[in-house]
Amino acid sequence: MSDQTYEAGLELRRKMFGIDGADKRIEAASDFIRPLEDFVTKECFGDTWNRGVLDHKTRSMLTIAMLTALGGQGGQIRNHVKGAIQNGVSKEEIREILRHAAIYAGVPRSVEGFLNASAALQELGLE
Amino acid sequence: MSDQTYEAGLELRRKMFGIDGADKRIEAASDFIRPLEDFVTKECFGDTWNRGVLDHKTRSMLTIAMLTALGGQGGQIRNHVKGAIQNGVSKEEIREILRHAAIYAGVPRSVEGFLNASAALQELGLE
Amino acid sequence: MSDQTYEAGLELRRKMFGIDGADKRIEAASDFIRPLEDFVTKECFGDTWNRGVLDHKTRSMLTIAMLTALGGQGGQIRNHVKGAIQNGVSKEEIREILRHAAIYAGVPRSVEGFLNASAALQELGLE
Amino acid sequence: MSDQTYEAGLELRRKMFGIDGADKRIEAASDFIRPLEDFVTKECFGDTWNRGVLDHKTRSMLTIAMLTALGGQGGQIRNHVKGAIQNGVSKEEIREILRHAAIYAGVPRSVEGFLNASAALQELGLE
Amino acid sequence: MSDQTYEAGLELRRKMFGIDGADKRIEAASDFIRPLEDFVTKECFGDTWNRGVLDHKTRSMLTIAMLTALGGQGGQIRNHVKGAIQNGVSKEEIREILRHAAIYAGVPRSVEGFLNASAALQELGLE
Amino acid sequence: MSDQTYEAGLELRRKMFGIDGADKRIEAASDFIRPLEDFVTKECFGDTWNRGVLDHKTRSMLTIAMLTALGGQGGQIRNHVKGAIQNGVSKEEIREILRHAAIYAGVPRSVEGFLNASAALQELGLE
């Protein structure tokens, strides 16, 4: 995979998660975690998120939907809710994704999503 | 819940799944399955899908994402891929939802999604 | 959905989770979380839990079984263990539900269930 | 584990699944599958199901709830619906377990449960 | 990602799944499914499987373990059991992976694993 | 099940988790949790882990793989990473199991695995 793809992924991570969730997190990565960080930067954000057809806003909404359906991923829901706001997803759209999940993933997964999304929005001063 | 909500749900089921997936399926429902059909028509399609903020096309994309992340629901992926086409989701957008799922739900769930979506698209003469 | 159903759901939430888990939680709900609280009060506790055939004690046992099988929902297991006690489920019956889950949901889910149920029972002074 | 526990498990398998789902299935088991059959007969049906506190009818209801929440286990839902009938669970109680699952495990899992339960009940001439 | 990685992935797919599961499947892929096939050949088999530290036999055992724990992926369990045999995993080792899963993923997932593995081994004339 | 099996399980728990994770945890177990501890000691560690064909090191790797695929089990991943080190699994092998999981269980589950494994390794002074 070209460095160009890596750079594009790093740029998107910066946009969605800030310097702390991008450069600083990568710099702080131990040899143990580095292979995950490399995969996430290149394959996930550099390649997959930039395949087009679906814009970053739509991919943020789909990611929140998948994380909520998977369950047990509260920390990543919080991160991706913050990233979704950066990608132009509104608070009301996030609410409806999680309310939609009450039907398709069940109330427990929806509750987990709402509690973590609310915490993330509060950190952003939006809730 | 008002009959108006039920009628709105029935109308959306007709639009997404046709008469066979709406009226005929409901008429054929036994007393055993009827409570599920009522819940799906009223709460799911009548209420949740019509809450606004997210349009039907977006809710179809989110539903495919959640079904793929849940796993083991091939038949419902096939139905919702057909419904998604009716709601204006393009074949390329469905492809990207499932390709995005390879990262967030894992390759096995993505494979399940692609195989069932391809089968549904073939039934529609689109694949 | 009639106000009667909402009131029945609120009453059951009070019985199972107390004023703090019902009225106060609903009053504290932001506009963001309110759609979830409304769905939970009306559709979940007001409608589904009051459909009959299965009494509230049995539905509490089934809810703990489903939450344990889903996994990743420790907080909701703690809440529903407290609600189950209010619905007449004994500590020994909760123990057997979670022990049964060791076979059908696997030891990790069962461990998660036991640790969270034990914490909830301790808060109730029952463990 | 004593032979007495194995015999108790075999007896319960016969009661719930008949000779075909017990003796004949065990006799037909290859060396590859035998360790599973032994575990299921002894630990599952011989030990766990006979621990008391919860009777067999209640354990059948909990098992259907867990299988539905796990998802992707249609064949085992069909088998356990048949076994549940033998343990005294009524068709209406099975319906309510699966309708309850629409809230706690989500509509897709509930649909999977209803379709497989209906197929099993039809084989029993009850649907 | 270099063509070298793609070629390494194609070679491994041939070794594990034969020409039918590699070249012919890739040639038969529609434009809809091609992005999945490319990801699987390059990122999955070309890159991840060839990272070293764990040999192909060990990665086959881990893959069967993960597919069994995920649930609902019978078809992919059958494919990977065949691939595992090609990577030097013995029938007895596959049996023990699935028996181990009875404890950690629960009996239903283990049953799904055993039934699909047995079917795959029969196709190979090994069961 | 013979006391010999229980003793073998207790011995393995001591080897993997130390006196605190074995004897002391069992002694501290309330009547509520004891049935779980007994099942884990006898059926899990005494019987299943000692079935042979796969050594303890391999079973530790498979257990980490299954826990990561299940999701939502961070605490048990931390415990089993420590146990895996005692069973001879290297830090690099654990890294590769979790990196492999990024493909088969998805990035979110892999992230959960890496974060918990890193925390466990730090407690051991290995990270």
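To keep things simple, chains are lettered A, B, C, D, E and F as they appear, and every chain counts its residues starting from 1.
Here, a contact is a pair of C-beta atoms (placed from the backbone, for glycine too) under 8 Å apart; a residue touches a chain by one contact, two chains touch by 3 or more.
Keep in mind the model is a prediction, meaning the values are calculated, not measured.
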When chain B touches chain E, do the two copies use mostly the same residue numbers, with over half shared, or different ones? different
If you tally the C-beta contacts for A-F and for C-E, which one comes out higher? A-F
Rounded to the nearest whole Å, what is the centre-to-centre distance of chain A and chain B, using the mean of the C-alpha atoms as each centre? 24
Any idea how many Å lie between the Cα centroids of chain A and chain C? 29
Averaging over Cα atoms per chain, report the distance between chain A and chain D in Å. 39
What positions in chain B touch 2 or more of the other chains? 35, 43-44, 51, 66-67, 70-73, 95, 99, 102-109
Interface with chain C, chain E side, in the complex: residues 103-109
Where on chain E does chain F make contact in their complex? 43-44, 48, 51-54, 58-59, 61-63, 65-70, 90, 92-93, 95-97, 99-105
Residue positions on chain C within touch of chain F in the complex are 71-73, 91, 95, 98-99, 102, 106-112, 114-115, 117-118, 121, 127
So in the complex, which bits of chain C are touching chain A? 30, 32-33, 35-36, 39-40, 44, 66-67, 70-73, 75-76
